[in-house]
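Next, two complexes with subunit A in common: one pairs it with subunit B, the other with subunit C.
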Partner chain A sequence: MLQILVVCGAGLGSSFACQMSVESVLQEIGVHAAVDHSDISSAAGSRADIIISGKNFESQFRRYDLSMDLIFLDRLVDKSEIKEKLVPVLEAKGAL
Partner chain B sequence: MAFIDFIINSILTQASITIALIAFAGLLLQRKAFGEVMSGSFKTMLGFLVLSAGSSIIVGSLVYFGDIFAEGFGMEGIVPSIEAINGQAMNDLGLANQIALTFLAIFIFNIILARFTKWKYIFLTGQAILWMATMTTVFGSAAGFSGISLILVGGLVGGFFAVAMPAIAQPIVRKITGSDDIALGHFCTIGYVFAAGVSKVVGKNSESTENIKFPKGLGFLSDTYLSVAFVMVPLYVITAFFAGAEFASELSGDVNYVVYAFLQAVQFVVGVYVLLSGVRLLLAEIVPAFRGIALKLVPDAKPALDCPVLFPYAPNAVTAGFVTTTIGTVIAMFVLPWFGLAMILPGMLTNFFAGGTAGIFMNAVGGKRGVLFGGIAHGFFITLLPALLVPHFNSLGFINTTATDVDTVAAGLFFEWLVHPIMNLFA
Partner chain C sequence: MNESYFTEDNVQFNVEVKDWKDAIYKGVALLRKNGFVTAEYATEVINNVKKYGPYIVISPGIAIPHTRPENGALAVGVSLMTLKNPVYIKDSPSPVKVMISFSATDNEQHLEIIKMIVRIVEDGLIDKISSMHSIDDLNHLIGGERA
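Moving on to the complex of A and B:
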């Protein structure tokens, strides 16, 4: 199954809130995926297919050479922004 | 009777089992599949036990730090850490079960208050509720409450904070996000409103922080664990130097005393990491269950979310607020002992999250100048309140630590200054 990881600084609050928004977007577009949330220190070693995080973490992620798709959001819980940025990635992966 | 005794003494007094049963009931209520109910309940229990393991690591490191600090500087240095307070309350004071039940009670009172008052907020930041439950339980029991009354009083006070704090922040949150869809659910809100007030007074016509260019090198500080290490390592190592080779070597055994201090500082970060991983496991099932139930019962409710949700709206203000708040906490560290208060070391977790969020608030009303002066005042304020609680924590047997998160501190002071004296009148 497709693995999506949502990431913030401590991996507790805002990544979790974002995860709940991502899950409702996935439900709306009918895609099954395992969604989880974590802190940025652990994220680089994860094996997720897609990582979603805030714009403010973009420079942190760019230091690592990560093979998965990265999505950076301006507004972590805005479902229309999540949909707009997630759908093209899911289409490219053939999941949609 | 023996069976009922067994249930009460060996099952319901075990906090990890109680909280797993809460998750179990929540998942059943949502009619989840059997497998999901079982795995969700088990993960919740696992989370609670991982959290306890993390807190004993923190306490171990703090005990060492307290010893070398007392030797090196001849005074107590207090590390503000709500995680450590939670750990000691659960492990050493035996309040784990009451904290778990108060946590549930706060959720319930939150829904009731949101349903029947005009404060339509559902507080979804689970770890903040856990810290609030910790403080109401510690100070509620010190005030003389026990059993059901302790849980109900804690639930009512916590539930009040859960709707009132998002409500007082909302006018500025609306200004920051440009919408009224989300609210801020973070128990440092009194500090944000205070900081925004100062910023408004000093920051007339000041330019926004978002026009400043910051060095990219500071980016690593947004990684929580790195930023904690960034402060704890120098703090431990320098303190070990002051304590001197002779004293510090007694504690370090065969290892060189400076290396040992370095390792203990990292050990503190390990403890925070383990504890927060436990919190993550613990909340993964409970929060969505609560959200599902709450939004059914209070249809027009706004979700109150954790502070970093606001960070992308003004990233420069986050860094600026963090820096100016830290300056304020360093000033307070030196100034407060003159007034007979404890020396509170800067707590970097709070400085980052609360300072950063305060930065966004201050920038919204007072721009650059507001963030500079408001941030220093904010740092002073969030050090002063925990300092006032130190004597109370000491009398309860807490080791070298005090709470952070000013709203939970305010709840503690409310119990100590108002509820406790009233309870004494009837005792």
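Moving on to the complex of A and C:
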């Protein structure tokens, strides 16, 4: 199954809240995926297919040189922004 | 009884703050008062924001100060504070009017608090909460769907 990891600084608040919004978007568009949340230090070793995080983490992620798709949000709990940025990635992966 | 329920002990309306650090100290002080966190928790939140940026600002107008359990969390807890003068959290794109601080003991057990926060954001309740002065009204507004 498609794995999506939502990441923030502490890995239990902002990322957890974002995970809920991601899950409701996935439900709305009918995509099954396993969504989890973590802090940025453990994200580097992740095997997720897609990582979703806040804009403020973009430069840190770029340094990690990760192979999965990265999505950066201005608003972590904004379903329309999540949908707008997640749908093209899911389509490219053939998940939608 | 629900840990995301607001009482006189964990809510303060219309608080005056000097800057974003002062706002975090005051919001976390309400957690400290209830024995949810140690004295170091607020400093740890501030250090995390300095290190990672304003990740606690999850949507315009609202910040959710928190840090890892090992940084001084003693129990799952929440506090709510509205600001008299909205402040930018470091370089956050928008000023913060409502702060919901919380403590967590692992990655999952504070689920009810996160659900409440998401509901507040998704239902667009931040402006309403920022102008409130009654705990009963607050609980009524955010607990409206709860049985």
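The rule we apply is simple: the second predicted complex is superposed on the first by the 96 of 96 C-alpha atoms of A that agree within 3 Å, B and C clash if a C-alpha of one lies under 4 Å from a C-alpha of the other, contacts with A are read in each partner's own complex, and residues count from 1 in each chain.
In this section, a residue touches a chain if its C-beta (ideal position, glycine included) is under 8 Å from a C-beta of that chain, and two chains touch if they have at least 3 such contacts.
From a predicted model like this one, the values you see are computed outputs, not experimental measurements.
Of the two partner chains, both subunit B and subunit C are touched by A:56. Once chain A of one complex is fitted onto chain A of the other, the partner contacts of A:41 are limited to subunit B, with no touch recorded for subunit C.
Of the two partner chains placed around the shared chain by superposition, subunit C is the only one that A:79 touches, whereas subunit B remains out of contact.
In the superposed model, A:11 makes contact with both subunit B and subunit C. Comparing which residues of subunit A touch subunit B with which touch subunit C, the overlap comprises 8-14, 16-18, 20, 37-40, 54, 56-57, 60, 74-77. Those residues of subunit A whose C-beta lies close enough to touch subunit B in the complex are 8-14, 16-18, 20, 37-41, 54-57, 59-60, 73-77. Interface residues of subunit B, counted against subunit A in their complex, comprise 124-128, 177, 182, 186, 216, 219-220, 222-226, 273, 276, 279-280, 283-284, 287-288, 291, 303, 305-309, 311-313, 315, 318, 352-353.
Residues 48-49, 51-56, 58-60, 64, 66-69, 93, 102, 104, 106-107, 110-111, 114-115, 117-118, 121-122 of subunit C are the ones that touch subunit A when the two sit in their complex. Residues of subunit A touching subunit C in their complex: 8-14, 16-18, 20-21, 37-40, 54, 56-57, 60, 74-79.
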